[in-house]
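Here come two complexes built around chain A, the first alongside chain B, the second alongside chain C.
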Partner chain A sequence: MSSVLTGPDLALPDLHTPRAQVLLAVADDNLVTGHRSSHWTGVAPSLEEDLAFSTIAQDGISHADLWYRVLLQGAGFDGDLRAGVDALGLGRDADGYRHAVVCERPPRDFAFTLARHWVHVHVEAARLQALSGSNDAEVAALAIKLAHELRYHREHADHWFARLTGDDGARGRFADALAVVLPESFGLFEPAPGEHEAVADGVFPGGHPGLRPVWLESAAPVLVTAGLGDLVPADDAQAPAEAAGGRAGRHTADFTDDVWPEMTALYRADPGARW
Partner chain B sequence: MPVFEVFGRRKADDPLEHVGAVHAADAQTALLLVRETHFRHKEGVDYAVVPADQLFRLGDPSLVTHEIDMDYRLQAGYSGFREKRQAAREAADRRGRSHLRERPAPGRNANAKVEV
Partner chain C sequence: MTTGSTTVDPVAVRRAVEDVPDPELPPVTIGMLGMVHDLAVADDGTVRVELLPTFSGCPATEMIERDVVDAVREVDGVDAVVVRFRFDPPWTPDRIDATGRERLREFGIAPPGGAVPSPRPEGRPALPLLVTPSPAADADPRPCPYCGATDTVRDSDFGPTPCRDLRFCEQCQQPFEAFKTF
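Let's look at the complex of A and B:
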């Protein structure tokens, strides 16, 4: 992997292990989606929705923080945990991030944001369900806690899905957004580097590819019921080429020239800074 | 956008109390958004919403104001009652009347047997 910028006297554990790569993928999806969602703070359609969606954005970043901790603690890291988490979240080169490309897409309009939110939340729920069965006790314990936290996010995503698909004015725009988001979301089911070993070892039962049928089974009937059956992805659907490869560190300019420089600017200016 | 009044409980056995309002297109959306608008800092354990236009308002505020002293309705109106009663007893004693004298309070003796 590419390099990691750390503060002075910080020795990170090996990040190339299958366990570390899987947990980086989990954390990075949440960090980057949370960062993009936070762009609505102050400009969401209503004050109340602003508060609700800002919380969801913050929660994504907080969940990432907790996964970085579990990654470090389980890898025998005995340095300053805050500094270690910051180095993982903010110190990596852009190609060291393992999130799916769909997470880094700009928020565009609220329809697009809510379409991505709906897909992401349900894939995340399936992933937490799988990780709850991990034989890594720390991973399983955190997955169970976060599944509880995710309930409000699901509630919020499902609510807006129902409202936007049930409203004549919003329906077309939301369907257009889903038509872009759904194919790109297949990047979420790519395995992290070395993931098959983490699956074989019982750290991540089923792995990312295993989430795909679970998610499709839950999402397809919802789309059909909403009259959007033509958007149900085919069983062999793949992410379009430009939205694939995120787990391997291949990101688009939406990340390398936009999210990444903005998110990491302060840290890179002063590695190890505390705030 | 419609306004919903929000009522919440601090603890499970507290009564619902008014805590504020939210704008929302309908009651279900209001219920979704109240959590982060009014209960994001552990302010309570339960809440409910009601459309603001479904509250039946008094309308005439003069119905709850008073022009005369009605302190007998207020706790403050009974301040100094012990002293007033004591003064009345002493006056009654001086006049040889006994019905205001100290006597056991009725029903305060838990062991008293009731004759039927």
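Let's look at the complex of A and C:
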């Protein structure tokens, strides 16, 4: 992996282990989607949605924070935990991030945001379910805790799915957004580097590829019921080339020239800063 | 009094920890919220406190950690304080005690566990398409914290903090907040 910018006297553990790479992928999906969700703070279509997406953004970034903690603590890190978490979240070069490309896409319009939110939250629910069965006690405990909290996100996403697919005016725009999001979402099921070892060791039962059939089994009937069966991804569907490779650190300009410089600017100006 | 040789009173430590107020809801203490999992006093005067975070996205967590350290340091004989947050067992709202529930209600926040029938007003559609079955709003009804009426509705899943949602009382026409359950 590329370098990590840290404050003085901070020694991070080895981030190349399969466990670390898997947890970076889990955390980074949430961190980057969280930053994209925060776009709506102050400009959402209604006050309720402003609060909703502000909370969703806050939860995403907080969940990332906790996964970085679990990563560090399980790797024997004994330094300042706050400084270590900040270094992981904000100190990596852009190609050190392991999130799926779909997470870094700009919010575009509210339809696109809700389409990505609907997919992301249900894939996340499946992932937390899988991680709840981890043989790593800290990983399992955090997954169980966060799965409880995801309930409100799921209800919010499902509510909007029902509303937008049931409204003649909104339906076309929402379907167009889903048609972009669904293929790109297959980047979420890419394995992190070395993930097969984390799967074999029991850290991440089933791994990211294993989430795909679980998610599709529940999402496909909903799309069909909503009359959007033609959007159900094929069994052999893959992410379009540009939306693949996120877990290996290949990101688009949406990340390298947009989210990444913005979210890391302060940290890079003053590594190790406390706030 | 000489530190290091003083015996630390575990009861005093527990009281100090449990009396720390929630930074966002000062009438409620972390003891009432059921956040205190375990306390241990070592022979060298080091106190270890294990807390269960409520909502993981709660920005008050770090303030609580600091406040607990400050409170325990005031106890006679305490040499050092180590606070650790743990996720097992996961904190849930049923850990809030009766006093905490009443204080929340007085603060205008409907506490969880208020199982009352709540009619679904006209024009509020059910959610027919759910990927994952989850309890609908009317499965988690709350009486109004102001007038006690039970015909209240949940207007939004997300309130001003990660731990609260938004409700409305059809009786006194008052919007209010409710502590989330999960």
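Everything that follows uses one rule, which is that the second predicted complex is superposed on the first by the 275 of 275 C-alpha atoms of A that agree within 3 Å, B and C clash if a C-alpha of one lies under 4 Å from a C-alpha of the other, contacts with A are read in each partner's own complex, and residues count from 1 in each chain.
Everything below uses one rule, namely that a residue touches a chain if its C-beta (ideal position, glycine included) is under 8 Å from a C-beta of that chain, and two chains touch if they have at least 3 such contacts.
Here the structure is a predicted model, which is why all the values come from computation and not from measurement.
Superpose on chain A as described above, then tell me if chain B and chain C fit or clash.
They clash: once the shared chain is superposed, the two partners overlap in space.
One more residue to check, A:81. First (chain B), second (chain C), both or neither?
neither
Contact-wise, after the overlay, does A:273 reach chain B, chain C, both or neither (first, second, both, neither)?
The answer is neither, since A:273 touches no partner chain.
Thinking of the overlay built on chain A, is A:253 touched by chain B (first), by chain C (second), by both, or by neither?
Touch status of A:253: no partner.
Between chain B and chain C, whom does A:226 touch in the aligned arrangement: first, second, both, or neither?
The answer is second: A:226 touches chain C but not chain B.
Applying the document's definition of touch, where does A:165 land relative to chain B and chain C: first, second, both, or neither?
Touch partner of A:165: chain C, not chain B.
More chain A residues touched by chain B or by chain C?
Larger number of chain A residues touched: C.
Please indicate which partner A:155 is in contact with in the superposed arrangement: first for chain B, second for chain C, both, or neither.
Both partners, chain B and chain C.
Which one of 1-9, 19-27, 37-45 or 109-117 is the stretch of chain C that crashes into chain B?
109-117
Intersection of chain A residues contacting chain B with those contacting chain C?
48, 51-52, 54-55, 152, 155-156, 159
Where on chain B is chain A touching in the complex?
Going through chain B, the ones touching chain A are 1, 22-25, 28-29, 32-37, 40.
Can you tell me which positions in chain A touch chain C when the two form their complex?
Residues of chain A touching chain C: 48, 51-52, 54-56, 58-59, 61-63, 66, 118, 122, 125, 137-138, 140-142, 144-146, 148-149, 151-152, 154-156, 158-159, 161-162, 165, 218-219, 222, 225-226.
So in the complex, the part of chain A that touches chain B is made up of which residues?
It comes out as residues 46-49, 51-52, 54-55, 152, 155-156, 159, 163.
Provide the residue numbers of chain C that touch chain A in the complex, in ascending order.
55-59, 86-88, 90-92, 125, 127-132, 134-137, 155-162, 165-166, 180, 182
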